[in-house]
């Protein structure tokens, strides 16, 4: 991971044609930025934690609600990073579609009381250990000097993203469309009544 | 089309043809298989007759490039070593197709695989391209496993299939690694053996590399030929295999490993050969003596034949290990003679199994009364197996013994003991238990195959054995020049080395003996 | 104090670990799915942050693709859960043990 | 001699063609088989006579055809015609012709008639190959092939377990001997670079030290082959068992020709055995003497008519081998070959006579169930008596001369303890007289001990005529100068010829001590035999001799000893190898690899609980470990 980070940060970023490499047009004042970032970051992590381990309720609906909160905070962070279009998409797709889908399933099929039985010790130990490893590595990777200056504003508007998508990433774009189609057909097939 | 391609293509094309015929046209399928193998055999006889002994270079050569960047191509040709092997392989394949009458179920699939085996191994014998050499052999080897698994017999069938598959795949894998190593170390950017030989004559492969490459090839090819102590797949596999498969594998496919030693390992890696030849000699003697001893104790005819085939391979290894013209010539003669003999043996035991319902020798007895034809052939086959003059085996074994005498007298004495005495013990015991003595009542209905046509396959193999036994010159005139070339490559090296350093030979021999002891 | 790349990455990493913990320790399949979504969001966050600090938009495109994948995945996954429930099974990780050898 | 050179190939090819023809077409057609085989034998007899007369006395010539030639090993089918091979060939050809004719009658109506004659023809071919071979490897091929044909013919009645076992035993013991022979050949070849007899003789004559210290070893290794083929101690046990074969086979193969091939071989390579510094001859002499004595003692206590003759054959072969051993360069082994030739005639006659008797008494072979056959079967009796007296060494029959020449050569030999050797030889001569008298007295005289003996009738012409033919040389061969023919082999044409009476006189004048001792021994043997067995109803000897007779009756327990020895060595090793194969290679190694892989699989399978989360946990752990490893660098 350290390697990866270093690789990304040290690579010179010159000459990527469509991008403006100047200081931003949309400039959030540098004094407010840390505050906003802190709010969203804390919100993200706390809500995320409550999705996983809510001390009060084990109901999946509660989890879903906190997931919405997490997603919204991440969208806020996107805005901070200048990715406006993505933030919008994030809110629309997740908060709008995905969570609704979750809620439908929970409502129709009942997500209640399925958390019986104890987790195995083996899973606890091994899983906990690997998590600890991840966190340690993460910490190790991030304590070093990072790059704090924004190289240039990348305007994540719909237009620039769209141009990029249908020019440079056309193949990925088309494949994505194909995948979505396959997902649609697949879920329809799986959801059929006589599917035994 | 050139004759060698016909030899390879006839069975393969027939396999394709049979594959598209509906499975219930059994007669048609049989006729196609017989005609294809007969065509191969006829062309093989013709090229054998037309082959000009002692002429330099390959004869009936055909080559075309396939993958230019890697130097892979289709390159077939005849030299003195493979001309006899191809003749033997084609005849045994024909005989195997003849005796496959016994197969009753999944006839179509059986013949497709049998024809693939036949075409594959003939291709391997004829190929002068290492890639084709290996590829064709795999083409023949894989059907063997399937056929033992599907049409095999006996309770041990599944275990036998596993064992033979694992062993031979392992051996083939070692060979593959070795061949690739040869390709890489040689640096000639070609898989063509003729060019490799030429290249190595100019710039030999570094001696250090040869020292680890040779054992790879020796043990890899050795496993394929049931070199002791990697032999135990042979008796189990042959006891379980259907008749045609046992004939083809024991008789023909097994010889691929020896051909590989002659073609690749010895000429391309002379330095490695010198280091490792003592080990091969010791193991060859192990094959002979140990195979013979174990064969003495078998109560199942097929297992006995399996072990005797292990023992016979000892002569071939010993001949190669001698590195003399006599020994190498003898080894090739042994390969060819044993091909006919193993084909005959397994054909006969398959017949006995069909009519008597068993291959347990103590459950047969006095059968000579009922099956004079098969019995007489079995006696002949057994006598040929213990090296009686008049059969081709005798010539080969004699040459090997004479050739190896200079190399190591102890080996030869032990080998002669194993061949003359131990061999006679188990073969005569088999004849005594199966054919002699009073007839067992439950075998009263057993009879010979009716009609000349049904006897022809067996007779063909005996005639071949006798022909090459009485007129060995037919084979030897063809083999000798190339055997001389093989042994010459290494002999010149020995002289050069003798001028240089004697110490390392001694060290090598000591190291090799150490390895031999550990084996 | 300025907010640097590392801060975003820290948030992203922590969110990822929280999601992972959920995947590993929760047994309601629905919640597991939510946690997977969370992990994907964390990944998108990292991508966007890199994009910002590198100064090109490729990261954002990738994040966009990730979001579509997440959507498709949720559709298929939820359909699967529905199918599981139709068979009279509870949608928990413990009940789906068909991968046992 | 172009004419003869073409003829000689016929000698080999005729029987071969006959054998092949019968195998292909004659197995179900007795008439064809008989005509082919007897025709071939007759052709060989005529041809051999032509070649014999066509070759000037005392000269030799060769002809050869390309056969096998690789590198330094060149093996043409070389035929060598010298006095030794010509005389031997003549005897083989004619004795086998007579026995072929006899077989026509003896084997009539047998189901395997065709098979029998195929075997006989094959034997004739291989035997002639041995006799005429000018190359030791070709000789070895013939050597192996006579073993095969002997195997096939001893086991002719394969349905009988005894015959089947006997054939196996004969072949195996022969193989033991052949092993030594082959190693000897390899030794000679590697030291001299040739296996051609003439070339070898030349090379050794030029440089007697060519074999160096290995001269004795080479000689003894070749002698191993003789041990097997001529059934010398310690490989003598197969010959008595071989009597399970048809009687004409016993006569031809196991009395007259094949077993004598060993002696022939010794004479053939005599130059090799007699090399200066080689101690082979001395050992050969003692082996022969021991075999002769041992077999003669056993013969006195056998009851089966064919077994008595078999042991007598053993004893006589031992005699010949002893004679070879007692020879030296200055005194070549003429006596051995002489005795071989006369023995071939009278022993074949004895066996054929025994066959005639056996036919007459419905295949009864125990002499104590016969008796008083002399009057009923006059022709058989008279010819048998002639042969028996010849064997006992009664003058002026052929056996007398050959035996006296052996005794004389032993007495004059260079062997260190030649007087002891001579004593053994004399004892054997006495024993020979004794057991032959016993055989004749019990079989042809005395009371009719069983009913079948009373009903016996003389055999037909086809059996008696061969007896009469063979009786002629048995009686008179001593006057024909066979010994001078052999002598010319070793001394060139300068051999003195003597008339009929000159020969009788020569026997006494040349070496009177030996002759008188031999004659005395024969008389003692015969008189004792008559005293014990004249009109005897049962064998009285066991009461008088007790233990010795019991041991002799049981053949000194050699069979049991060998069975135990074989069990303790070869069978043990074979069992050991089988155990190793079954338990170590197949068991621990193959099944062990198989088993440990399967065990590992079963262990790993425990982790595959099927619980998704466990899989996820493991996946996470795997990634963590990978990351740790990667990031450590």
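Letters A, B, C and D mark the chains as written, and numbering starts fresh at 1 in each.
Here is the rule we use: a contact is a pair of C-beta atoms (placed from the backbone, for glycine too) under 8 Å apart; a residue touches a chain by one contact, two chains touch by 3 or more.
Keep in mind that this is a model prediction, so the values were computed, not measured.
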Query = Which chain lies at the heart of the structure, taking centres as C-alpha averages?
reply = B
Ask   = Using C-alpha centroids, which chain lies at the maximum separation from chain C?
value = D
Chain A and chain D: spacing of chain centres that average the CA atoms, whole Å = 100
Ask   = Measuring from the mean C-alpha position of chain A to the mean C-alpha position of chain B, what distance in angstrom results?
value = 66
Request  = Please report how many Å separate the Cα centroid of chain C from that of chain D, as a whole number.
outcome  = 94
Ask   = What is the distance in Å between the mean C-alpha positions of chain A and chain C?
value = 7
Ask   = Got the chain D residues that touch at least 2 other chains?
value = 613, 617, 620
Task = Could you tell me which residues belong to chain A and also touch two or more other chains?
result = 119, 123, 127, 131, 134
Remark   = Going by residue number, chain C touches two or more other chains at 20, 24-25, 27, 94
Inquiry  = Strictly by the criterion at the top, what is the full list of touching chain pairs?
reply    = A-C, A-D, B-D, C-D
Request  = Using the touch definition up top, name the residues of chain D that touch chain A in the complex.
outcome  = 613-614, 617-618, 620-621, 623-624, 627-628, 630-631
Remark   = Per the touch rule, the chain D residues reaching chain C in their complex are 605, 608-613, 615-617, 620
Message = Using the touch definition from the top, list the residues of chain C that touch chain D in their complex.
response = 20, 23-25, 27, 93-94, 96-101
Request  = Provide the residue numbers of chain B that touch chain D in the complex, in ascending order.
outcome  = 162-163, 166, 229, 231-232, 236, 290, 293-294, 296-297, 324-326, 329-330, 366, 368-369, 372, 376, 379, 383, 386, 388-390, 394-395, 398-399, 401-403, 405-406, 412-413, 416-417, 420-422, 424-425, 428-429, 431-432, 435-439, 472-473, 476, 480, 483-484
Ask   = In their complex, what parts of chain C are in touch with chain A?
value = 1-11, 13-22, 24-28, 30-31, 33-35, 37-38, 41-42, 44-45, 48-58, 60-61, 63-65, 67-76, 78-83, 85-86, 90-92, 94
